[in-house]
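The data blocks that follow each hold one structure.
Look at the two complexes coming up: chain A is in both, with chain B in one and chain C in the other.
Let's look at the complex of A and B:
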């Protein structure tokens, strides 16, 4: 202990406002959702307060299981794609001159200002058969006839990665720009080729940042619900789409709430697991 | 066998000159110091030798072989960086064995070599420690061990001791010198600390703020016979007196005459010169004594720090500093008239 005097109310005053906002806009709505997930659904009506596990029992269906797995799969895959492209990309940005770095970062930020809807429809056009990129490849003589890459899994993966990529770079940028430039130089004087230096020293010493950005993109992409509907077929719909469907079109709030909470629980477990594995690896190499 | 030669090296970063007209011949097995103020290009020169930068012009030869365009990872030099650049995600042993790991040595050989080197730098038993658990001096030793793991042809050090406190720095200097002599590896150390350079090196390369090499010589020779005013001023403290050559081995300073033993050739009468005299060579006597090589003045200040006494004399506007031991301390006080004797052998004439 530092032996400080107990703080008076005045010293706590500055945190009252954020604490209040957190309470009003996060904790109370979340509590409401937890409560609703145990309420009884009135078919044709809304719901009546109660305490039953019916909603959670109803989750045990093939559709829910398949969608849950697909959601986790596409989130994990897009996180892997984003980090494996974003990490070398961010590394090259941080080695540029200051001015060039700023230009790149501003460009990435401006991508963030596009709404998910615009990005979704833009990609649906770009990947379509009639007006898409495949026409360009036909024109160059690389393909025989234009094909439709949309709607489908590829289109969905493209869309999600496009949205998540700027976040990946922004999360990786601080730790990569703080990397001591002497570290890769030292590796080179010790006989490591540039490729070997990249994997043994740069990736190695920034493992925590890589795990953090992977988790961030994973959690972020779990929440997309517009893109699967625009770019995917119904079998590419994620759990977020299913929850929206239950809540808005089926007016089954208790079911939607239980889905959301179960989904959150599973993803939280996965995130914790990832972090434990990341830590464990580090402890082993220590 | 592996003499290092720099031929006509120039290095520019954009329009900024980092090093120019560098011609050096560094013999095998010597401890060389690149000494100079910050921004003089000494680190750039070391990075050029390590292969981390490419010279704008000139050649680098090692044992007669041109290595100017050889990439850093093929040069087999060991380098200790100013920030040490230890790999934070690896253990002490893994750091030391890194150069063997990238050369695909087997695990047992890596472990054996790492243990040998940790013994060499007196860190036995630190093999499995984490870098974050070490003190500054211990990290220093790990960085040195790592650079020596492949028995490099050249051992390069970029101000590695500057982050240590004064006591530790002095003992590391001696240790490093002893290690170099034991291994016989050609070593280049970059420093801005002239005491450090004098302690360790066989050969000192003095670089100036104009990014050129001013003098290459043994430490004592540089101290005794500085090549120019910059070197005289930078290496230790020196009294620099402006005067002019008056012919027949004499130099006039104000109204006084200095008779010198050695003079540069081709000096014509009336040429302005600078004379450098080290403070410890100047003798101070009370009162005004006439004769050659004697300057008269008043004592402006006496700095007595116990181990040495410095006397500041004001001789008609020229400040002369004399240093003596407490035993041979002249009997003068502040405000007294005194005479400074500048022995002929101690006066060095410099190019102005």
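Let's look at the complex of A and C:
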């Protein structure tokens, strides 16, 4: 019954509504944004249709360049941290009994679903002077007086890794849970230590999955918008903050749109590059 | 040796994941309007204020209404789409599926900006229906992925058997297909619901100044005066997510669902 070609126009009926909804509310908005990025901006927040590259030319500023580089840098760094911790973690989870796996998954999904604002607030409390971790250290006699550990780069990195970590685990979970248990067993029978088995057999056979997960986590962390404002200083603000600022507070939609398009273009290029490098490496080692 | 290391590793991760939540729960119990940890006196007044203070009640209602409606719209888009892609082979199937998952893959600020330019142009900026439809499109990926998985898990022999016994396609859908994909529909709805409750940037961009949802309200209070209500609302959110995902874990096949949550797999 499945997998056949639609017989008549009428059989297309169920797909009309979803396709229309996605076209009207996703493709058209997206196309509109692309169009607006070429529009002419009038003083006072309005814009008129046109076709000019002024908005893209205006991107060429120190602030935009620095923000773009910082966004890519912190996303790459947190993705690297998350994948290197998340990989062994996910491996351990997939080797647990089913019940324990479900409990961990429920917990991770609950953390993952938390709003950035909630995570930011929670970490700002944890790192604060009045309610934070430093009070605990004072209590143990390890510090003289409580201090605030935010805002700052480290605080921001912790916050981003906190939301990206559950995502990393869920992205890695399918490939790790499908890993044939015979593989590590064979390696150990042949005399490899568990640690050596982990790095050569398990990491080795899942190199593709690791690269793909890194890319997905990288794109995910590129989206952080509130954490930089809560846990970071203004110099730690990411492109998402800059774009929203242009769109809402400077009411410069053409500028915001051109930023967003450029941002997407650069991230797509980086994703493709990572994929190509990942494939090249595999071809060499094979 | 390796076992001890593994347990230590898992415990550190668990502590790091729980740490902020423990602090927030403690802070939410403060007796005075202070954000102290350990709390200065114990009271539940900040939970009460969440339900009685109008400035918190309105965002709570907004968020619940938006989440319930938008996930329903997302489901209504995902169900026929997933059915069609499973039932028929068409050349544009892959394109449609990619379209369905792309709002979720792009950095949210880009999708949000697209919505903003659209809604301003059609003159619906700042309305609640705007937030609902935007969230529905933004989260359509979740029911689409779960329901597609549900369709794939249906045994073809069952359908053939029913057809041999003389059931027409309507009866097959009603008596076999629908009951089998129902759990996947519920999971997809639940995912979209919880994520919509927590979503900030899209809601902020398309109607942030008129339709205040809870995340927007929390961020505003973060800027203009801290209150322990922020902590109590966080605790409620964490509990709500845990309960909903816990139910899916209890009554559904969570490991299997997670195995397919990776869009790379398609």
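Simple rule for what comes next: the second predicted complex is superposed on the first by the 265 of 286 C-alpha atoms of A that agree within 3 Å, B and C clash if a C-alpha of one lies under 4 Å from a C-alpha of the other, contacts with A are read in each partner's own complex, and residues count from 1 in each chain.
Here is the rule we go by: a residue touches a chain if its C-beta (ideal position, glycine included) is under 8 Å from a C-beta of that chain, and two chains touch if they have at least 3 such contacts.
As the structure is a computational prediction, the values presented were derived from the model and not from experiment.
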(message) Let me test your reading of the model: by the given contact rule, A:265 touches which partner, first (chain B), second (chain C), both or neither?
(response) neither
(request) Name the contact category of A:207: first (chain B only), second (chain C only), both, or neither. (result) first
(request) Give one of first, second, both or neither to describe whether A:187 is in contact with chain B, with chain C, with both, or with none. (result) first
(request) For A:196, select first, second, both or neither according to whether it touches chain B, chain C, the two together, or no partner. (result) first
(request) Count the residues of chain A touched by chain B and by chain C, then name the partner with the higher count. (result) C
(message) If I apply the document's touch criterion, which positions on chain A are contacted by chain B in one structure and by chain C in the other?
(response) 194
(message) Which stretch or stretches of chain A touch chain B in the complex?
(response) 180, 182-183, 185-194, 196-197, 200-201, 204-205, 207, 282, 285-286
(message) Please output the residues of chain A touching chain C within their complex, sorted ascending.
(response) 1-6, 11-12, 14-15, 17-19, 21-22, 25-30, 32-33, 36, 85, 88-89, 92, 98, 101-103, 105-111, 113-126, 128, 130-133, 135, 162, 165-166, 170-171, 173-175, 177-178, 194-195, 212, 216, 219, 222-223, 225-226, 230, 239-240, 243-244, 247-248, 253, 256-257, 260, 263-264, 267
(request) Show which residues of chain C lie in contact with chain A when the two form their complex. (result) 2, 6, 9-10, 13, 16-17, 19-21, 23-24, 26-27, 34-37, 76-78, 80-81, 83-84, 86-90, 96, 99-100, 102-103, 105-118, 120-121, 133-134, 136-137, 140, 156, 159-160, 163, 169, 172, 194-195, 197-201, 204-205, 208, 214-215, 218-219, 222, 230-231, 234, 237-238, 241-242, 245-246, 248-250, 254-255, 258-262, 264-265
(request) In the complex, go through chain B and note every residue touching chain A. (result) 50-52, 71-79, 81-85, 87-91, 94, 98-99, 101-103, 130, 146-147, 149-150, 156
